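A, B, C and D are the chain letters, set down in written order, and residue numbers restart from 1 in every chain.
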């Protein structure tokens, strides 16, 4: 089966109510899918940020597509706070599952391993834990004296969405050192990727390259999207367009400004 | 600090009572360290096979260096059963911690993450579980109805020992797709590697190569040992010398034969 | 699943009548039978030392391709050609735990009538009288791979026992135990049993050519049900044989050159002694997951 | 640890007297002070947006190298040059959990007198009146990194509060709670506090030039102890300044070009307004772990 699809195919594959895993801003964000997804307008998305969210997350929230968000943080980095996220929080418009980076990784790793939960140090005494009714604290059964330890349930997203430098026609995706993307995809039922380029030779045919490959086994569809992470950067390919992030941050300070930004972006997208 | 040491340095670094992690036969066994280690003769080694053992493990047992072994299996593959292991088992000369492959991986992953234990499906109703007094069964605190689940404690070896295709002078080791070696090393307090070759350029200087690198951060010493996995093979480098495995399997059928094999091998080693 | 029958070949011997092929060797029957047991799976994992299951999976894939059916993915552990994994030897187990592996094979030094498998040893534990390598991944995979095919060529009371001495992996689990997989069928050199997970016992559904029910009872250390429609294991069809001896054998030779060469030799001297009856080394309960 | 004092520079200003250097800028004082707080660590991790801690770690490393002391490893998250990790963004946390990271930096929208840190927001939760990005890795790293240095340039009652509104990470834990790490010191634009884990409170050990105890009390929302030997934060020595303005600044420019450029500019127009008093955006409690 040909795994190569269009960006719109990917957007259409994300249904309402989907638990959607998205990478952090430095790790390969499939920004090119954001506007098509907003156009498809699935509702009640439950976002899982791996382990933090940025502009893509902020836009999905701004567009009203998000019901819950599990994340260690949402920000625009150097461009400041995430305006739509912050607004939605203050209005109580989204349900927050505030987490901490290693808890997101631990939950995804548990799902990767088919395990029901992971144990994790730290967290005891934090308000992060206090507000996570879906976590548990047990007494470590291996300890001789009382030793409370947090259990984090497996995080099993319905769909993982990422952007990577390249894929081959079999559907293998090269992610290099960004192995949290592999964990995210292993943990998810389905995965879609956009890529800078599609290469003709199998990425598994060379052992050096293969070491950085996410196998086709896990990836349902791949769309070509050159510079598809912009305004975020992609390691080894291009840097972040901080000016654009700042432009977005300013525009999205109000709901009206956000909508105007979306319209302009959609118009630019249509003419390019 | 210069991470490049000699094979004997590595052998000498492994003390009596050491909990020593060793890779499976297909994953990069530092066979070249076996004879020097037997010469150093540390006692009461507690082997952790990741996740199975072969000729190296059998030789260490035959030489009387091993007190306990945690493993999913020990065999010589196509060459049949592991003679010294089987003999030691029937004599009750070693303590057995019979495991199953994913439990070894789970225990190492827990140690990698600094977690006290991992949860794991399967195992309930097996005699593997019945004989592991160091494992626990709890009722899954996330389940609504009774749901027993096995907890495996973190496996934290003192030392991990492996063989890999190459290292650089900073101490980075290329392990390619064999990522269980990374998990093994992350989980261990110290790690030593033998390698086919030492390259002058940093293995982290190229993103494609870097994706398969175990960083120097984790590796205390590296020794040059060309064809150092023989008679086991090394992926992408050379195949297994099955004839030699069979020769060993025959020789080691008796304790006397095993000792004769060791002497011959040591003599060959000395003259080569 | 309790009423599952051994699926017959979708085509008949007559179908491929245009291609003259010699009669099937016993090993070919095993391969074809496994391929039928795998029908419908999308991802099969095969141990490094399991050429017969690998050949069966290759045959299944070749047939699916020929029929335009959804593709079958085959992961052969330790193979380079058929290794889609890039996350070390743990990935097979992760993948199984994620529900991405539909079928797997287990051997066993002992297999009992309840589908329990012993890969550890005979007699008491830990000082086994005969020690085998160990449980490998069976104590996990047997729980999470939906269609585990027990495959052991030796069919004797030594292997097929009433009660295994050590349960590496249990054939069934009490209600409430997390289990998404388990034994599907047991294939030996004498016949095919399907497993009934509700009743936790085997049902003999077919016997290989030349075997009688009395032979099977005599060689089996456990009680089993007999299917009302018990008959002879359906022989390979001409088209199956053509695929097997053609593209599958070629593909097989890339991963299992020794096995493929022996296969070729056996084909050349048809009618030689049944290779299925060769004794298996007691220390080597293959095919076991070698990972 | 409760009696820890801010270590003074190992060398004195007189030592490097042969090298004429201009007086230290406030930012240089911060860098040098952090480098001293890091003395003895072997592996420091620094957030992607934390140029001052990064510069301090580079300075420490340069000094260690010059002195032939054991090497200092510096991991700058998000940097290519200083990224020794190959296992994704989880590796920092794994590495910390393994005890391989000796020091880390945390900022905080609010920091209270018990060393509690708030990176989430003010007011009630979840509908915060001011929402910051989130806890990042603090709820874990604060427990397992032995020497966490709280670094926040803004020294005000808005930031240094009596009680944080949300505990992203607590300054201390009850007996029996697994904890191998925690706050070591708090550095602001006004002074240096050491943390006493037993009493879970801060002790002011030095004030930056021009600051009085009254200034500090007025700007601090929590009670703190005062060290009997309270004095002025020791200025950078000539050799520290030479290293900082030389090889460290060059190295820093590779990872933080904008910061290094501003640093250069500030050096050029000595005596300009104290850059430490610039207000920090309330939505951006950096330096926070950006991973």
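Miscellaneous remarks
Definition applied: contacts are C-beta pairs under 8 Å (C-beta built on N, C-alpha and C of every residue); 3 or more make two chains touch, one makes a residue touch a chain.
The UniProt protein names, listed by chain, are A, B = Putative glutaconate CoA-transferase, subunit A; C, D = Putative CoA transferase, subunit B.
Since the structure is predicted, the reported quantities are computational estimates derived from the model, not experimental observations.
By count of C-beta pairs in contact, A-D exceeds the other of the chain pairs A-D and A-C. With centres defined as mean CA coordinates, subunit D is found 30 Å away from subunit A.
Computed centre separation for the pair subunit C/subunit D is 62 angstrom, with centres defined by C-alpha atoms. Our note on geometry: subunit A versus subunit B, Cα centroid distance of 36 Å, whole angstroms. As a whole-number value, the distance joining the C-alpha centres of subunit A and subunit C reads 41 Å.
Multi-chain contact residues, meaning those touching two or more other chains, occur in subunit A at positions 102, 105, 109, 113-116, 120-121, 147, 149, 177, 182, 210-212, 235.
Residue numbers of subunit D whose C-beta contacts span two or more other chains: 85-87, 93-94, 97, 144, 178.
Chain pairs that touch, as defined above: A-B, A-C, A-D, B-C, B-D.
Chain contact summary for the complex, subunit B toward subunit C: residues 24, 26-27, 51-52, 71-75, 77-78, 80-82, 85-86, 89-92, 95-96, 98-103, 105, 109, 120-129, 131, 145-149, 177-183, 235.
Residues 48-49, 78, 80, 85-90, 93-94, 97, 119-121, 125-129, 131-144, 166-170, 173-174, 176-178, 281, 283-284, 288-291 of subunit C are the ones that touch subunit B when the two sit in their complex.
Within the complex formed with subunit B, the residues of subunit D that make contact are 43, 70-71, 73, 83-87, 93-100, 144, 178.
Residues of subunit B that touch subunit D in their complex: 1, 111-116, 182, 186-187, 204, 210-218.
Listed in rising order, the residues of subunit A touching subunit B in the complex are 102, 105-106, 109-110, 113-121, 136, 138, 140-143, 147, 149, 151, 153, 175-177, 207-212, 235-236.
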